[in-house]
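Following are the structures in question.
Shared between the two complexes below is subunit A, which pairs with subunit B and subunit C, respectively.
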Partner chain A sequence: MDKSVFRLDGVTKRYGDLVALDNASLEAGENEYISFLGPSGSGKTTLLRVIAGFEPPEAGRVFFNGRDITNVPAHERGIGFVFQNFALFPHLTVIQNVGFGLTHGKSGLSAAEVEKRSLEMIELVGLSGMEGRGVDQISGGQRQRVALARTLTMNPKLVLLDEPLGALDANLRSRMRTELRAIRERLGVTFVHVTGSENEALAMGDRVVVLDRGKIIQIGTPGEIYDTPASPDVAHFLNRFNLFDGTLAGGRFNAVFGSVAVPHAVRAGKDVYAVRYDRMRALAPTADPQGPAIKARFIASEYLGSSMMNFFEAEDGHVIELEHHLSLGTPQSFEARQEYLLTWNPEQAIVFGREAAR
Partner chain B sequence: MSGEISIQKRQSNTTRWLLAPGIIWMSLFLVVPILMIVYVSFWTQTTFNISSDPTLASWKQFFSSDTYTGSLWTTVRIWLIVLACTFIVGYPTALFVGLFVKSKTLSTVLLVICVIPFWTSFLIRVLAWRPMLGKEGAINIVLLKLGIIQQPIEVLLFTELSVIIGMTQIYCVFMVGPIAFMLSRIDRNIIEAARDLGAGFGRIFWKIIFPLSLPGVVVGAIFVSVMVLGEFATSGALSGRKVNLLGNIIVTQVGSLKWAMASVVGVILTVVMGIVIAGLLRIVDLKREL
Partner chain C sequence: MESRILKPALGLYVALFVLFLYGPFVVLTIISFQQGPEGGPQFPIIEWSTYWYRHIFGLTPPSRIAPLPFGEALLRSMALALMTMVVSTVLGVMSAQAFRRKFKGSSFVFYLIVLGMMVPGVLTGLGTSLLANNVIGIERHWYTTAFATHVAYTFPFAFLVMLAILNRFDSSVEEAAWSLGVDPWTTFRKVTFPLIFPGVLSAMLFAFTLSLDEFPRTLFASGRDQTLPLAIYGTFSVEIHPNIFAFGVLTTLFSFALLSVYGILMAMSVRRAKKMAMQEDIV
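Right after this comes the complex of A and B.
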């Protein structure tokens, strides 16, 4: 981060008794792709709307380009916003939508200049030749691009995208991921992308901001978030960890799988033992696990192309997932309803606890 | 395949049965009467009798008499003025109810309030304007008491003005309803997006809100037009017989058993309405909105 584009300082927002944002602080640099990850109701959209200026915060300040913009109305902030449902003007054509801000705002450009810039932007998002179409005559992915182009013509330094891929089908979603990154890199502006999908957040963000119940609970690169989640909640959202509740006491973790020595633990509000899906192994029930192990019944498997997900059910009903990367060789085959012994290397586990040895 | 054919056959049978009641009803009570009116307008009318010998006499009489052609222009003039008034009064109301009121419940309540006057009979609603507008009516009394005027305003009642006031009040709600409906369907994010792109309220209204509400305006205008063009009661009760609309002529002609002349006026009124509706429908493509 060379230069800060925007900064949030202790932003708080309430709706009645509900605290939508609780003392959120954050700084974003120029030319960055930031994704906000959190479950619905975590405050990620509220945070975006506060930055955009659609919602005033109760407390805290918002800075943009070094200026305090907390009380500046949305349209004077120079921040672009792409709505979840695109919010295109349904009665206008593609080029009229894209040029709307230049035509009706304070740009002072002549009609010819507006057309030229709109056409450039339409080309940038790959919609050349469609400028005369009505926005109800184009596909969902194309509408997404129109919404983006409409925002980008205003030359914002910061573009906020509210679940931009949520309304697209899976195939288009993965294509637009690459597209969005490419468009952003060409323009060199900062994108803030709100999503409920951990894959999207990790794949797209240079940095990921994880939110839960109005609080920012972790900020980091996708690698940091993935390898060292700061709390059991983060590990839970990432949807890549088997989590076991238990107790951490005297350097040992006690849970359904017995007692395991814990060399290193992360301080957190509750005691949770996390093992990544792809760090689990399944053995025959009679084998010697040489480490922690838990008995579980095989339920089903799911082929994901590059890996195989296997689902097991422990005796207490807890579902344990085991991922096998196919590049590592042919996956084991399991018998339905058969019991197996699931084990892992305790050094690769992430342990959270109130009594952390940090 | 025979199976497919029999399904198609059954479907077309169902279609026919579903269409039959509507077609029978419309033929008996719309198509046949219209044809009948056109036919009767060419009948020969004598003072006490009417015969089916074809003649253009009634048509010639209509177009050569200043009274009749005058009433055609009065009808068109009153229609245009009332249409404009209902729009001027109705659009801001609809804007408030459909767009500015955020709660759906409140906007429904407000629409119901607009409809409350319809719980009384049409005639009472019209006649209630007499004690309001009369020389010794409520408006004059209040203005005199306040010292704003020294003499009661006499043009308020039994003039074209009173007819326009009465009709605007009665038909305004038919303008408000469809416009408020279209406005309430506008996605709020669109307005937020326009604001975020730097457009001021005026631009947002003229470029986004108004065009999107236009189908509602057209539907409202069709309702108001059809009702105003066929009016006779309001003008009869509030104009003191000074304003004669085509509707009033039909009433008088029928009253004196001049069926041929009544039919001529009826045909002309139907043609005028047809032109007005066709014209209004050219403004927007209503099919796209449904």
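Right after this comes the complex of A and C.
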């Protein structure tokens, strides 16, 4: 982190009895891209709205550019916000939307200067030629870019994005991802991006902040989060792990697959054994697994383009997923309702437990 | 099967309803073209003429029938309706805006406001007149006491219209404006107001028309200078001539003109509202 742009210090927010944010602390540097990941209701949008100044926190402070802005109203914060529904001004044209902040704020620019800056920004987001259109006369992706341009014309040091890609189709989504990153590199803005999609969070963030029930449960680079999730909940949100409940005792984990030696474990509130989807293998039921194994019936498979997902059902009804990367060769073919032996290398499993050393 | 009986029956019902609604106006219109000054307010029409219309504007030779004393009353009523419209609409928008956030005692305040349209007008009028005369000791005028009762009466209508509009208003556009460094007051003028304008228009129409023909409150609270409804009522107690029907036709035409202006303005802002709806659709 070069230089701190904003900092949250024990921010707490309640709606009646519901605790939307519980003592959240976080620091972000200049020119950083941070993703907030969490299920709906985890408080990630609330956190964004507190930073923007739309909601006052009950406790804690918000710092921006070294200044305590906890009690500064939203319009004096200089923090950009891109809404999930874009919230364009429906009665204005594209260029009027983009120039809105310069025209009606405290910029003091002349109409000609405002127009010049707006046109530059419209060009930056690739909407030249659409200046005079009403915002109902352009497509969803273009609206998204108007929303972004409108925010960026104000030259904010920090831009908050509330699931801005959620309303777009898959194709546009990946294009906007690339464009967002390009724009950020050009302008040197810190982005905070809220998303419910683990793919988006891992793909876009320099750092990922995982939230659950109003608490920040892990902060790290996408690689750290993916390889070493800090808790069973994080592993669960990443949607990349088969999770087994059991008990960790005396260096061994006991679960449906029997008892496995655990070389090291991560300290957590409950005992969970996690194996990544692509670290599992399926063997014939009679084979010798040479390690931990669990019997399961094959249900179905799903072709994902670059990989194949196979779904198995264990005897207790638990669904186990097995991912095969197609670059590693042709996938095994399985027969429906047939029993297989699923196994993995225990070295690669991630184990959480109350009695772990760390 | 059902519709073969139900549809014509409902159609007939609507036709009767419309007849009932506009019947009096048709009769009024026909009689207003009665011959004058001898012809009275009854059938048959002796001879078609525009005598009574000219009579209103003083374009007929003097006769035993005095011209209607409506000129000043009409101006008074117009001024009163305009004043009421502006004040009630401003109050309505402001209070509905306040109700967007729950505050302590908000439901109590809500009923307090709405009560204004519920209390019988005669009581409000009488109460105001007693209050002015006996308690405060001020003179009653159409532009003071009567104006106050008109606002108390029309404000709840404007308030309810604006409440319904703001209830459906997506506040993220306002937050977007704030995040662009635009202060709340400018945001209201440049974003909120243009978007709620159709509602404001309806609130204005309500306040204006309700005030224009308000009778019971004005009767007691207006003092010696009469408003139009009072003046019309006053002429009835003497003698009825077709000139009053001609006058009725003219005021009705005025109302239609007003409605047309409202319709045009509404159509313009509805087009804008549609844009907004389309923007919400994609979410």
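Heads up, the rule we're going with is that the second predicted complex is superposed on the first by the 358 of 358 C-alpha atoms of A that agree within 3 Å, B and C clash if a C-alpha of one lies under 4 Å from a C-alpha of the other, contacts with A are read in each partner's own complex, and residues count from 1 in each chain.
One rule holds for everything that comes next: a residue touches a chain if its C-beta (ideal position, glycine included) is under 8 Å from a C-beta of that chain, and two chains touch if they have at least 3 such contacts.
Keep in mind it's a predicted model, so treat the numbers as computed, not measured.
Trainee: Report clash or fit for the pair subunit B and subunit C bound to subunit A in the combined superposed model.
Mentor: With subunit A as the common anchor, subunit B and subunit C collide in the superposed model.
Trainee: Identify which of subunit B and subunit C touches the larger number of residues of subunit A.
Mentor: Counting residues of subunit A touched by each partner, the higher count goes to C.
Trainee: With the two structures laid over each other on chain A, which partner does A:A287 touch: subunit B (first), subunit C (second), both, or neither?
Mentor: Neither partner.
Trainee: When the two structures are overlaid on chain A, which partner does A:R143 contact: first (subunit B), second (subunit C), both, or neither?
Mentor: second
Trainee: Classify the contacts of A:L18 with the two partner chains as first (subunit B alone), second (subunit C alone), both, or neither.
Mentor: A:L18 sits against neither subunit B nor subunit C.
Trainee: After superposition on the shared chain, which partner residues are touched by A:V135: those of subunit B (first), subunit C (second), both, or neither?
Mentor: second
Trainee: Tell me the contact category for A:H91 with respect to subunit B and subunit C: first, second, both or neither.
Mentor: both
Trainee: Is A:L304 touching the first partner subunit B, the second partner subunit C, both, or neither of them?
Mentor: neither
Trainee: Output check: A:A111 vs subunit B and subunit C. Expected answer is one of first, second, both, neither. What do you get?
Mentor: After superposing on A, A:A111 lies clear of both subunit B and subunit C.
Trainee: From the superposed pair, tell me which subunit A residues show up as contacts to subunit B and also as contacts to subunit C.
Mentor: In the superposed arrangement, which is not itself an observed complex, subunit A uses residues 52, 54, 74-75, 80-81, 83-85, 87-91, 100-101, 104-107, 150-151, 154 for both subunit B and subunit C.
Trainee: Please name which positions on subunit A make contact with subunit B in the complex.
Mentor: 52, 54, 74-75, 80-81, 83-85, 87-91, 100-101, 104-107, 150-151, 154
Trainee: Which part of subunit A faces subunit C closely enough to touch in the complex?
Mentor: 52-54, 73-81, 83-91, 100-101, 104-107, 134-136, 140, 143, 147, 150-151, 154, 167
Trainee: Report the residues of subunit C in contact with subunit A in the complex, numbered from low to high.
Mentor: Going by the criterion above, the answer is residues 170, 172-173, 175-184, 186-187, 190-191, 194-195, 272, 274-276, 278-280, 282-283.
Trainee: Which subunit B residues qualify as touching subunit A in the complex?
Mentor: So the residues of subunit B touching subunit A come out as 187, 189-190, 192-200, 203, 207-208, 211-212.
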